[in-house]
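First chain written, first letter: the chains are A, B, C, D and E, and each begins at residue 1.
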Amino acid sequence: DALSDITSKGTIRIAVPQDFPPFGSVGTDMKPQGYDIDMAGLIADKLGVKLELVPVTSANRIPYLQTGKVDLVISSMGKNAEREAVIDFSTAYAPFYNGVFAPADTKIGGAADLAGKTVGVTRGSIEDLELTKIAPADATLKRYEDNNGTISAFLSGQVEAIATGNVVAAAIVARNPPKKPEMKFLIKNSPCYIGMNKDEPALKDKVDAIIAEAKTDGDLNKISEKWLGMDLPADL
Amino acid sequence: MTQFTLSAIVMALIHATGWTVVLSLVSFAGGGLLGLVLLFARIGKSRWLQILVKGYTELFQGTPLLMQLFLAFFGLGLFGIDVAPWVAATVALILWTAAFLAEIWRGCVTAIPKGQWEASASLGMTYFEQMRHVVLPQALKISIPPTVGFSVQVVKGTALTSIIGFVEVTKAGTILANATFQPFTVYGLVALIYFCLCFPLSYSAKVLERKMNVAHRH
Amino acid sequence: MSLIAIDALRKSYGSNEVLKGIDLKIEKGEVIALIGKSGSGKSTLLRCINGLETINEGAITVGGQQLVNDELHLRNLRQKVGMIFQQFNLFPHKTAGQNVMLAQQVVKKKPKAEAEAMARRMMERVGLADKFDSYPDQLSGGQQQRVAIARALAMEPTALLCDEVTSALDPELVAEVLQVVRDLAKEGMTLVMVTHEMAFARDVCSRLVFMHQGRIHEVGRPEEVFANPKTPELRSFIGMAH
Amino acid sequence: MSLIAIDALRKSYGSNEVLKGIDLKIEKGEVIALIGKSGSGKSTLLRCINGLETINEGAITVGGQQLVNDELHLRNLRQKVGMIFQQFNLFPHKTAGQNVMLAQQVVKKKPKAEAEAMARRMMERVGLADKFDSYPDQLSGGQQQRVAIARALAMEPTALLCDEVTSALDPELVAEVLQVVRDLAKEGMTLVMVTHEMAFARDVCSRLVFMHQGRIHEVGRPEEVFANPKTPELRSFIGMAH
Amino acid sequence: MSYHFNFDWVATYWPVFLSGIWMTIQLILVGGICGIALGIFCAWARTQGPRWLGWIVAIYVELIRNTPFLIQLFFIFFGLPAIGVHMNEVAAAMLAMVINLGAYSAEIIRAGIEATPKGQFEAGASLAMSPIQTFRHVVLVPALQKIWPALASQVVIVMLGSSVVSQIAVQDLTYAANFTQSRTFRAFEAYFASTLIYLGLAIVLRFALLRFGDMIFATRRRATR
């Protein structure tokens, strides 16, 4: 099975994002860094194997997994029923509050107010899935290839609002752009899960165990403080 | 979060440009070799091979390179063949390049006047000898400008390898744009880098072509 | 036995029958002029003799061997029968000398030195010894055509087919090429030539073949044919070409 | 006043002086044959008269108006002086009729019906009424050249410049084109033609102009010039062309 | 690997694909027609137009031909708003395609014009036509006819290249594939299907263009002697 393959090889390959700060982006050395990368490091440590990071995009992360090019996907991935039919998910490893953000002068109080508005969102993200469900029919959703497109679209005024994680929005504000995204309403508290191939119970149990342990011994909290600037929420 | 200076961005992009260059060179060299094989099959006498190569060209010229890369990398994986990204990237780019080069070169061969074939035939040369001594040397000469011109497309085509995890210059640009929130600076630099890579190629293609039209000799 | 024997030859392009049963025997040393209106099938006939076109019916025999359409036979045939085209068709990437040497080297497998010696002799014969190292585009049309003749001669053919070898030339340059052909005829080379130069045909040829609409309409010694054309078609043709 | 007056005309291509001071007056109704060796500048002279080349020195006056090199003047001039080329230069994507109609419609802004009526008259005049809807590549060379003449005539020029209008034609087709030109001459059209057809020049032309190395070497009535060439160059030229 | 292809999603997502195909077709229709028109204008400017215009066109053509389409797209969509020019993503994609095809077809058409025998220009001039009239009535059609197959190939290339417009959220065929795979994680099936559809589109498009060429240039192809 996958777990014994990993331990016998002594290496684990983990897919991580590189265009989704603060979960995954690059430093000046062009090496990935972020919440997801630290999480990957934690898992490799606990398994006692070497870590090999594979940068992926939201478009190709699942094929990477399915073709056995990576063992795990830690890519701030949310789950839904359709996805669960294809791959397995661990327990949640990171909080993710996503909401709709817009400049202060745009009036949005809830999903219903999106009517007639254009909202940018990163395709395939959790907020994409959720917003698609709750947005009124005459709201226009613009789905960009990656987070970069979503942010650029917002900053250049191509969309009136964006749906994204609060931490992502915070990262934008921190850079003091001409348009400051302000949280209008929370879409969903939808935590992130680690993805793995189906029918690998041993691996799934092991990963779940590591997450559980990290939650109790405070390791995960440290990562959260480092990248999200807040404590791990209790309900995770 | 890490702060990028302009020079850090430039350095990172230039570093990634290395991959663009290597990928371009490998695809072009490999595509050239394969293209030559395809060319011979295409202009050869075997009808069967001709149809095969025609189908091949149709397939690779008729689908987006993006999809080809994707299917080369992950599609082979599905059949249990584990290919490294650089293998898949070069394989796909080579197959794609070869399809175009073979067509370009076929055009050059057919551009040789019929009289050249007839004159060499009437001197008793075989098909192979006609090719080797009369047609190909002339076709080779006229093929240089369009071939150099096409290399620009190869350089630009390498941009799409990001889909299978290559951090070449376009991908590096996307990542950096996201890490810095300065998309205009970053994309400006990316465009500039491509222009510096491509313009000398397209310019020399043009010069070669002009030269050929003026001094029609040797 | 005739050097070239053509027997009930028919040739069509698609549904267009261009040669409608040609019979012609050509003896060694004869100089034949093929005349006739544009489209009457003169070029096609020459091309059939040289195997550049596959024939539909009938037979062509050259030097006792029947023309079969496979590469080996054709190669053999073409070493016996040279052809010179209206458009010269020199190889532009080779010098005049190399043009003359090439086929000797690759077809006859002659060593380079021998091929070169032969090439120099032939270039001399057509009066171009000093142009050996010139490229075709450095030569006038007349000179190019003479190189083409040298190139054919270097293969030591027993017969030469010439298709309007002067019609692509400026009037001033025609004479020099015709002079070379005239010399060849004198030396006993078998020549079959399509030509519009009636005066030349009259002077040099042993027989005149008048083609009309894919058939041989009249054949005879030039002085007879010119003096006394039997058919109205030939009469009108001669009248036009005066 | 002369219809066309050329005065001390000089024309160079780069450092190569092609016309070295040409003086020539052409009256209305004259038929002039320009003869001379290849490269002597005959085509260049015609092209200068029609403003296709800019001149370096001297002056050209047509119908009292001096030739100035701006678009408006040139267009005016060219409506008065038509030109016919060796290579016909028909527009391949238009039928014969459309070739004749085009310039009338776009230059003279004639309504289509009027242009077509004129085109049909001109096609009839050159004997091609039935080829109105044929495309150039469906016509023989002679027919194409006659369409080119019709096209020029449809603009109702006061003079026609003809540059070797028969040299690109097969011998059989020359006569039909020359017949059209002969008719034009009879009808009083002013013609300036470069030609190699000496017999024709002698029959039809009112004056013969012999050019040599960029200069007018001899001028005169054809019967005089042919009978009694004054310069050795013309003598040798007539000898060659016989 | 034991991957099981599963096309169940087709039942749910085919409308996405259909509208993706329709968008791709719209893109290439607008891009193709306006791009070739722009190409004709640029080819004219470079061969007959005033010198300064020729230079501008030359710079435009080189800039476009030597940078990737994706980067051009980003500039139009994300960059132009910075100077106050807003357009929606479809307009941006179409504009990018027009500009791109315009540059390539300008070069192709120019080659056709330059291959036009000098005699054609002279015949036009000697019939007192102005240079623009000569260009329009005499030169253009045969030049286009000569290079039509090359132009058709270029249009197909631009159509295939349009697969990146999904990056700015244009809902084209690639978008449909990406969208479907992001919902179902059935990436292979989605990409495989879209690849086949692209192939079909490419074949149909080239065929249609060549037939169209035969039609409008029918004149010469008829009965040649």
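Quick note on the criterion: a contact is a pair of C-beta atoms (placed from the backbone, for glycine too) under 8 Å apart; a residue touches a chain by one contact, two chains touch by 3 or more.
Keep in mind that this is a model prediction, so the values were computed, not measured.
Touch-path distance (fewest steps) from chain B to chain E is 1. Set against the Cα centre of chain C, the chain with the most distant centre is A. Separation between the centroids of chain D and chain E, computed from CA atoms only, is 45 Å.
Chain B and chain D have centres, each the mean of its CA atoms, that are 52 Å apart. Mean C-alpha position of chain A lies 82 Å from that of chain C. If you average the Cα atoms of chain A and of chain E, the two centres end up 37 Å apart. For chain E, residues touching at least two other chains, in rising order: 1, 3, 74, 78-79, 82, 187-188. Within chain B, contacts with two or more other chains are made by residues 70, 74, 77-78, 183. Contact of a single residue of chain D with at least two other chains is seen at no position. Under the contact rule stated at the top, the pairs of chains that touch are A-B, A-E, B-C, B-E, C-D, D-E.
Within the complex, the chain B residues that touch chain A are 1-2, 4, 8, 12, 15-16, 70, 73-74, 77-78, 82, 162-165, 167, 172, 174-179, 181, 183.
Chain contact summary for the complex, chain E toward chain B: residues 1, 3, 62-63, 65-71, 74-75, 78-79, 82, 153, 156-157, 160-161, 163-164, 174, 187-188, 191-192, 194-195, 198-199, 202-203.
On the side of chain D, the complex with chain E involves touching residues 50-52, 71, 74-76, 78-79, 82-83, 85, 87, 89-95, 102-103, 106-107, 135, 137-138, 148, 151-152, 155. Residues 37-38, 170-172, 196, 240-241 of chain C are the ones touching chain D in the complex. Interface residues of chain E, counted against chain A in their complex, comprise 1, 3, 74, 77-79, 81-82, 86, 88-89, 166-169, 175, 178-179, 181-188.
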